[in-house]
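Scrolling down, you'll hit the structures one after another.
Each of the two complexes below includes chain A, the first together with chain B, the second together with chain C.
And then the complex of A and B:
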């Protein structure tokens, strides 16, 4: 028997699976919460189900699944209704209404829990917070062969089955009602007027959130639930502009949180000789790191992408400015321009970069040492830029009735972009000719 | 948003004078509103509205801010609860007429950062025909694309909606309404904040709808263009001040009653418009 395999199968496998299933379930449902800008509602519900759970437990006298789910679902719906009531009657913002409702309900749940504990009841407040992922042992198997043994399947921890059913239900909901949930989140009025009642769909979603919360509670605790309702969807939203792709990516992020989080909870501390840390906590921290990664690296909204785009733009503007300056000097008869002359027309900070860019694209040549001249292609580009600049000046003077000496700065910005005012004018407001690009070709 | 109590005093006599001028209720009317009252927080927003929309017309709902124009539309569609009264479409309740009624909400009412493309939004107009739990088929997508083409937006089908200008967003909404293939359309300020080209495109689409025998009810803000764009007008300020063909009803006196004597600038503008409209009607 391989001890590493034995340890993995009996100690690590099902915690990983359970954590990942909980993350995927919450991540799927979280997409629609994030889109409706109701992420906090997940937080609210995951706390507010506690009194529902305790009451259901006290009434049913058992911790079996069904009473728990019914209690949680009712508590979830009650939360949504109460938030709405507090918002309307109290005339406060939705965030405040959610905060009031869930903190009060959670506190009520804790009080009820204390009462139940006094009667030697097996419900633990700690477990609600960070779960008991590490207790999902699997004893029968010793080798991979355990997967072909029916008996060993029956020893799989109950929480895993619960989470598996919940993940399947959430997937079915999101797949079947994809378009209904989408239209209800985007345009509730249209959805309702078409017969897809946005309010009802919202409650269905909330019942699922409440059920997912309960299914996840015992295994992973409420911290991970809250994080997974928000982080995978928010990270995925940064990476795409299509809802279908977003949902797919949110599942990927959730799986990464589940597996990566567990690995970093056990393997990383072990590498430094420490003991394993709480797995659900580690998964949540990993999710935060993934979100940070998405914020930095997103192709369209990311910090990094924006910086690259800005840099690229400023490089192009510097190159444009160089070519336009050389063209204007050429107009005045200077076919080759020495660097000191050029320095009077383009900013010193960018000229070096712009010059090497221009050389690389064969837009200028160094005809003499320390002097540059436009190539044919550079001439064409310079002419097009100066043409656009002067057309804009003409347009701004003609159409917006600005004084000719006020339009240069605006034209200087507009000339770098593809939009060109209608052709026709041959002379700009300062009396300079507007180059005709088609003729110079 | 300043609507004082004086409005009620102003509008009441007008309502009474025009009771006789209003058309009879009929089952042929695409929209009949009977004694409709709507209240928010126990304050009435619409009071005792009676209105029969004529079929195959472009109809404007005109009135000052807070007059209940959007609320009237929403109450008709069951989006806000009615305190009393009833609304019928071709003599039936809305539930039975849903497939024949299209709706274009105000552009600001939705989140334009939502991760969908222009084509996705137009497809939403087909959801009713597709039904519950079924994906959008290729056939419906092709139809949605045609609708985008009809408002001149075919090239923007794949564009994420936040990357569209205000006018383009409004056209996407209009294309979505076309995709609904309704017979009666409610549009909440389709001309608000759009460029001139979009305004022309929208009015062309509205006229095309009318020529196909459809009825369009628009909340409209621009008094200048009421006479040019619409056949029929409903002047509204909590109550119906007047309703009927533009040439009969869109008069300086009625506008004065609708907007209240206080708003002299608006009234003057309306009078100028009224005179212009009178002139236009005599070829």
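And then the complex of A and C:
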């Protein structure tokens, strides 16, 4: 076997797999946390499992996985229950309730940790925070053929198996209870009225979050858990409006975080000649970068998309305003309009743009230098706009009983929508004729 | 063994193998520390944390009222990259990277950046506040962790001890640090005192404040700046996770005791200061009791006690009030039924209600689904208020009880009539809702109801006959 491949298999493979599995597990569950506005529950739980870990450790006296797992899971569930208790019984605002519970539990954990240190046991608090991905060694078989041998697989780090089981459990939960979780996330009252108690589902979800937190702890640390419970789901939420798609996208983002994070933790610094940086931290940073990308570039909800849409809309409105102004002047007998006259009716900031748009679409012609006139098509659109404006004014005066001198601004906005109020009236509240454009759009 | 030695033992605790057993400090030692006579270092630490607790308690009140308790969580986590960056920058530029002011300046910078990021996310995306806080908290902290691991690779990096800012290391506080913290705390308290009116206005009704011409966003910014100050000041003493607790727990605990903002600020600040003082003292006296954790646990104990036992909003007070109301309502039902039975007996011996009065209590209990303890309590209450007496299992109404029974029945009818004639509710639908209201109608309201119904010409006769 190629030594480079061997090195990859022994040093890098399982950290990548473990990080990705943890990210996927948390990302799956996070979708429902983000939708239920409970994102910070992950934060609270992963801080508050510290005392559970230490107590389990002190009771069991070993660092073996099961006691720690049970202790932390119990602490996680206790956090959820306590937050509910403080919120309901103490009538404390939800955010503050969460803050009180997790920070006090965390303080307890720190104290117990110091006490445990007195008994010559080393539970490293830093490892709880940012994990030990880098320690997941494997001694892979040196020949490809030996991969059929079970023995070589049994040496795979235990954390990977734990995470694999957890990821499978989370997928099963999300698949089996997809319908129920969806209803409960969007409308808890409806869920309860349909016979599956939203509160119970909430606890089921929270138990899974606690379990995922604990399973991920040893390998990736709490900071990556918190990030993965929120960021992939949040990024996916910006990219789509369908829950199924959102969950799929969040998994993709999680996988990208796991692999890309590890690559940027090891390969990038090496390119600059530095040593590898903390992998779990780098995965978090990558998730942040992906989220930033989603915020900026999402086709439906992204900052750029919104800016482009807004710009396009304002250009259309400016064009509409120009055509309507020209039509009104035409009504008063001005077939060609000089620029200074026009400047009194349309805002100077947009008129240049609107004019070139109108020229490009052959809605106006520059008949004389410094003067414009509507073409037939421009006339039709201008008439349609003025018609809509005046119909809206009539509608607002007749149906909503506003005074005639109060309706112009509203109508000025409504005229740009495609909707037209019921036709019929021939004269608007100010006595001006409503153009009839039955053949127009 | 002097207290100073204990403090230093605390610092080196992880590496020594000999100090597993330790004795409890004597009273003299405890007094020394509490009276600031336990050596210079200890006094510095105790003073510093006391002031920090005071400032955090005061500032936290406004964060709580503005529903931003967890914003401080995002803020404090976002300080980590700043600390690491400041260290890296300072060492690259040739300064001492470990100087506290430099590190804290970096912390403040990225902390503020984090808060701004939360605001940007809220403004430009459709993510909610919880997600925005969580994103900033985890991503900034992740950046911090990465930068810390970069710092570790530098020659002087290991000695920097930057990760102490995560969990705090009170005992390492020097006099200069304590002064810095004291200064920050003093600024926070003074500006909270000066701007109390503005803060109160913005916290309780920011829309009104804006309409009234107050610079809401500037006031908001001032509040946030105070939170930043306290967070940064607390980094070294209690660490960036527990400083959040110092900002949240005292105000929430104090909130149980009062509804007045002035008192809330005083109580919360006092509680914070007390916890800081005792926490640092305990930590100085006993090895392996880190100050931050002790302070927060102390505040946590006060919180639990407040939540349970506060006179008006406490869990027990609310429970007592609720049970009291239930008992009163149950007694009312018994009196009402007894009153009705008396009326029926007077009018007609053959009526179906005139059955054996002995099982009155069981009858009402079954009808109203009382818990098992209720009949006993009702019995006791009737005797205590001298409203009725049980003679061989039958209820003999006393004048007071007869009056109350008639009154409840009359209230029932009045409200029923009111709902039927004013709220247009069908007569067959009113009974249930009336059942809950009949017990709480005040005499004034009853008079108004009578007047209103009389105006409509609805007959309501004096004994509560009704329609």
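Here is the rule we go by: the second predicted complex is superposed on the first by the 402 of 441 C-alpha atoms of A that agree within 3 Å, B and C clash if a C-alpha of one lies under 4 Å from a C-alpha of the other, contacts with A are read in each partner's own complex, and residues count from 1 in each chain.
The criterion applied here is as follows: contacts are C-beta pairs under 8 Å (C-beta built on N, C-alpha and C of every residue); 3 or more make two chains touch, one makes a residue touch a chain.
Owing to the predicted nature of the structure, the values given are computational and were not obtained by experimental measurement.
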Fit or clash - chain C, chain B, common chain A: clash
Contacts of A:242 with chain B and chain C, given as first, second, both or neither: first
Touched partner set for A:52, first chain B, second chain C, both or neither: neither
Chain B versus chain C as contact partner of A:435, first or second or both or neither: neither
Which of chain B and chain C A:275 touches, first, second, both or neither: second
A:67 touches, of chain B and chain C: first, second, both or neither? neither
Partner chain(s) touched by A:37 [first = chain B, second = chain C, both, neither]: both
Chain C versus chain B, contacts on chain A by residue: C
Which of chain B and chain C A:185 touches, first, second, both or neither: first
Contacts of A:104 with chain B and chain C, given as first, second, both or neither: second
Partner chain in contact with A:232 - chain B first, chain C second, else both or neither: neither
Doubly contacted chain A residues - partners chain C and chain B: 37, 237
Touching residues (chain side chain C, partner chain A) in the complex: 13-14, 17, 20, 64, 67-70, 73, 121, 124-128, 130-131, 133-135, 137-139, 141-146, 148-150, 153, 163, 166-167, 241-242, 244-245, 248-249, 251-252, 255-256, 287-290, 292-297, 299-300, 303, 307, 313, 315, 318
Residue ranges of chain B in contact with chain A within the complex: 74, 77-79, 98, 101, 103, 105, 109-111, 114-117, 120-121, 123-124, 127-128, 130, 132-133, 135-136, 160, 162, 176, 180
Of chain A, residues touching chain C in the complex: 34, 37-40, 42-43, 47, 86, 89-93, 95-100, 103-104, 106-108, 110-111, 114-115, 117-120, 125-126, 129-130, 223-224, 226-227, 229-231, 233-234, 237-238, 265, 269, 274-275, 277-278, 280-285, 287-288, 291, 295, 301, 303
Of chain A, residues touching chain B in the complex: 35, 37, 176-180, 182-183, 185-187, 189-196, 237, 240-243, 246
